[in-house]
Structure formats: structure tokens, C-alpha cells
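Each remark here refers to the structure printed beneath this line.
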């Protein structure tokens, strides 16, 4: 681990999922809107030595993702990894492990740490886990060697090796 | 790193500092009260596979700590490390690096990861950095090999090797 | 107005609507659950001289209410007003003015102040207007003479005399 | 009461006190800074038909106010009342009732409603009562006839007629 150098860049790719859902007052429903990540979540963290670059790849409920969507995520990871900076992927929890493993099957070990995270509760809620999970993913991206990971609820899982537990609402090792 | 085992125990030692300050309404001042850590901060994090044990060692503004206080922190670390679980120390930022280095000088490399953290703004404030820093310290405690560290604002510093920057209100490598 | 007597009782009738929606993590959707009113909202207000009694009358999106639902609200108001305490009704905003006017047509001027309120954004959200509107409704219930009112966004409307403006997301006088 | 007209102006005079205290990270102390009222508190309320004008009169802990400070508050009220709009005064709770009664003795009944409020806990805290009290004061300013009032914790007190209860941390009628 090399964490002594100031102003590390971390590249965040957003794909939709619960973490990006925000409330539409006219319709009374939750919708995916990537814009809330920067203003709502990133702005609330103190990152004096971290430069973030955000890019929106998809904007989907992860239950609706198919292999063509996953291929698009892979391509974005491959292109982004060329810059040599660690990557964080915001993704719906329901198929996060599926996408992460798909990317691993396609790409093998990537050039940089690629850390998936998301949230059980959208980030606009008072008791959302979005801020905790993003905090953990950003730190994992700095600390780990190249590879695919899921960071969630104070744990870091190497991919392959994790799945969502629907009953407990978190990830577990396999 | 071994992060696959469920229900890791992390032992938190509190020593006071800004992170524990809470507002006394009758006096209109900020006071150190350890009790807010569990109810206010820990309760807001999702830690399904982490068991926390809290112990109060001191309850001081870190500017008022002297070597006898620091010796007390060392002794608490040594005694707590016997259990073999990673340790997080909540400490005032002003002399956090001093205490961490003091412990390193006294103890050398400890048996477990020992991660110091704290906050620039008390945890009761809407825009406190306490939750972010504790989230980072708890993850650092799980991920790193035995040694002394400071986790703060999306960075992990190996001790010796960090100091507080009073102007920017964060830590930097030395 | 008579506001000098300590421990006024205010009776809150809940009917559903946006204000009571809470997030269901397993389904990823918003659902009406009355229980969040007491724990989430009432608990966050300081009401040293106010005793609240909560009763759930309905649990519906107000767009789905029909006249039989409205008759049920009327009956609950009439029965509750017998106690002589002011009443606050939590109601969806879309048909709040319709229900309030329906009750006025059925009952004329009630024995006590009856104040409708609700929210554009569910109360679990960081930037919900639920706490503001409930604060205003509770104060209106204390200050006004018997009659039907809507309290919302720093305004009090006498009923009949208000309608929701869908474009601006608030109420206006008619 | 006349509440049907859109875009009522309410004039807020700030005098310091707990409600305006914000945390100074370099000193670790609470200081009075009027600027947080607009950005932190007013911005969090929905006031589509209310125009606010803020003016800073003093910036003091109310325990340090003397009669010359109170005379300054009176003069500001008298000058501001000329515009004909209701007035809200943000004031420390410890001598709020003293200042309000002082103004009443000097001025008799003012031309407009003048509503004092403040907070037991500074507005930057998660569980501050500032937002509740300001919400109540703004509504009281709209609803009441000309006179001096204190709005606090779901009650409105006519002045003279209120005092702070130090033990319970709220106001009570006298």
C-alpha cells in the first residue's frame, strides 16, 4: 500500500441503483438521478487529498441489467483503468455481485483496484447507508492492490467471493 | 488481509477530544461525554458482521494530555491487544499524532492493528466529519496488518509518519 | 386565543399520504407506514407543554381516497372532537383540500380547531418538509378558533379557501 | 387574521444567542456568527409565499446584554416596524423575556407583531430546536395581531407574561 502521496485521483462510475434514487415530488415516486451523487453525497465528505472524477455509465435499477449492460460496464472500466487511478463503481445491490463477477470473468485482474458499492436505502434518507458505503469504497480504492472488490457495511470482499443476502440486506462471503 | 470471517470484534478505546464533545444546554458549552459515541455514532452505522466493544480510557481535550495520560493510553492498548482483536482509538486531533508516536516508541509494533481517529467537528453537528472518520478507522482496523495508524479524511497514515496541519484542518504525511 | 395553560392535548389523526411513506429496503419502494410518525417525527420536536394522542384512521395515498374514505375521516373527526381538544389531520396533499372541504360541507364548523397538513416529501428524507408542516399545524391547532384549516409552508388557510398548486408544489388561496 | 395574501414580507432581526452559535474548528469553541441563519436555517424551510429580510442588530450572548444593548434592539424594532411588516427577533434564551418586556415598557404595543424566538441548542446540531422555533415564530408573525410575543416549543406567549424556566429548558407563562 502506498498512501503517502497527496491528491490521489479516484474515478467514480455510476450505473444507477438504489443509491442514486431521489424523490420526485410531482409523481411521489423514487427515480434514478445521477446528479445527486455529487451534490448530496460527495459534498458531505471531507476529501482534502482526494480528487474525484465522476462519470455516468448507466442509470438503471440493477434488476433490469442484462449482459449487454454489463458489457458496457466492463468497457467503461477498461477504458477508465487506462488512467491508472483506482475506480469506484456505484451499482444496485441486487445484482452488484453478478456484475462484478462478470467483469472479472471478462477482464481478469484489472490494472487498478475496482471497488463496487451501493446502498440499501437511497442517499436522500436520514438513515441511508450510502455515505458509509461510499466512504468505505473510497478508502478501499486507496488501500488495496489491483483487483475487483465489493466494499459494504464495514467489510471488503474480494471478487469472486461475495453475494447479496436478501434476508439480512447486506453482503456475505461465499 | 483476511476479511472473509463474519463477526469480527473491534475494540474502541475512547480518550475524549472533539469527536466526543456534546452540547450542554444549561451551560451553553461543549463538554466531553463518552456516552454519545455509542448512541449517536455507532448506532448510525450498519455493522452486521462487526461486534464492537467500547471502553473509556480518558476523557480529555487532547491539548491537556501529558505523558502520564499517554502512558495510560499505552497501557490500555497493551492490555486490550491481548484479546487479539483490532483496536480503534478515538482521540483529539491536536495531539493525536503525538500520542500515536509515543505509543509506537513505547511499544514498537503492537500485536494488532491500532488505528487512531477523531474529528474536526463534534459528532452532534450536521456536518461533522466524525462519522466519516470512524467509518474509515473501522475499515482500516479490519484491512491492515498489525501496526499504528491514523485514519482520517479518506487517508491512512502509518505511524510514525503523520502530523496535523493546523491551517488545513486535516492530517498530512511527514 | 388562550395559550397560557400548560399541557394542552392535541389529537393527531393519520390518514396516510406522502408524509407517512417510508422506504421498504427489500422491495426498494415507498410504502405508507403510520408508525414512523411517532418515532421519527414527533420524537424530534420539543413539546414540553403539549400532550399528543395519535390515532390511525386510514393509510392511503390520497389520490385513492373516495367519498366513503372521506366519510370515515369525518366520523373520526366528529368522534375525536367530543374530547374538546384541537385536532391535526395528516393527509396526502393531492386531495387534502378536497377532504377538508368535504368535512366542512358535512359538519359545518366543528367544535374545535381541525388543522390538515401533510408533506411534499416523505419525512424520512433529509430535506423533507414534514417537520416544518407538522410544527406549523400543531401551533395553528393551539392558536386558532374552531374551524377547518390547512397549515402548510408557513401559511394557514381557512377551509373552504385553499387548493393545491401542482406546479409549485404548495397550497394557495382561492 | 388575514393570511390570504401571497408573498408576505417578514423582517428578521438577529441579536446573537445560542441559535446563531457555530463551531469554530481551529479553536474548538462555539462562536456567534449571524451568517449561518440564512444559509443553514432559512434555506432549509419552504417559504413559497414569504419573503424574508434579515438584519443583524447585535451579536451577543444574551447574558452579556445590558440596557444600552436593549435600547438598541428597541430602536431597531421601531425603525423596522415603519415598513408595516411583521418582525421576528432571534435572541438568546437567557434574557429573551427581559428584552421583550423592556421593549414593551419602552414602546407599548408596536405597530406590527414582534415575535421573539431562539434555541436551547445551536442550529448546527442534528437535534437543535432552532428550526422548530423559527418555524413557529414565522407563523406566529403572520397570524397574530400587533404586540410582543415569544414563540417557543409549540407555545406562543404574550409579553409581558413569560419567563425562562432554567430547569426545564423552556419558557413558561407567568
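Chains: A, B, C and D, in written order; residue numbering restarts at 1 for each.
We take it that a residue touches a chain if its C-beta (ideal position, glycine included) is under 8 Å from a C-beta of that chain, and two chains touch if they have at least 3 such contacts.
Chain identities (UniProt): A, B, C, D = Asparaginase.
Values in this document were obtained by computation on a predicted structure and should not be read as measured data.
S.K.: Using the contact definition given at the top, which chains are in touch with both subunit C (Asparaginase) and subunit D (Asparaginase)?
M.R.: Joint contacts: the list comes back empty.
S.K.: Mind checking subunit A (Asparaginase) against subunit B (Asparaginase) and telling me if their interface is mostly the same residue numbers on each side, over half, or mostly different?
M.R.: same
S.K.: Please identify which chain has its centre, taken as the mean of its CA atoms, farthest from the centre of subunit D (Asparaginase).
M.R.: Farthest chain from subunit D (Asparaginase), going by C-alpha centroids: A.
S.K.: From the mean C-alpha coordinate of subunit A (Asparaginase) to that of subunit C (Asparaginase), what's the distance rounded to whole Å?
M.R.: Comparing mean C-alpha positions, subunit C (Asparaginase) is 39 Å from subunit A (Asparaginase).
S.K.: I'd like the Å distance between the centres of subunit A (Asparaginase) and subunit D (Asparaginase), where a centre is the mean of that chain's Cα atoms.
M.R.: 45
S.K.: How many angstrom lie between the centres of subunit A (Asparaginase) and subunit B (Asparaginase), each centre taken as the mean Cα position?
M.R.: 27
S.K.: Can you list the subunit D (Asparaginase) residues in contact with two or more other chains?
M.R.: Residues 120, 127.
S.K.: Please give all chain pairs that are in touch with each other.
M.R.: Listed by label, chains in contact pair as A-B, A-C, B-D, C-D.
S.K.: Any idea which subunit A (Asparaginase) residues touch subunit B (Asparaginase) in the complex?
M.R.: Residue positions touching the partner: 1, 3-6, 44-50, 120, 127, 129, 131-132, 135-136, 138-140, 142-144, 151, 153-158, 161, 168, 170, 172-173.
S.K.: Which bits of subunit A (Asparaginase) are touching subunit C (Asparaginase) when the two form their complex?
M.R.: 18, 21, 23, 25-26, 28-30, 61, 120-122, 124-127, 166, 169
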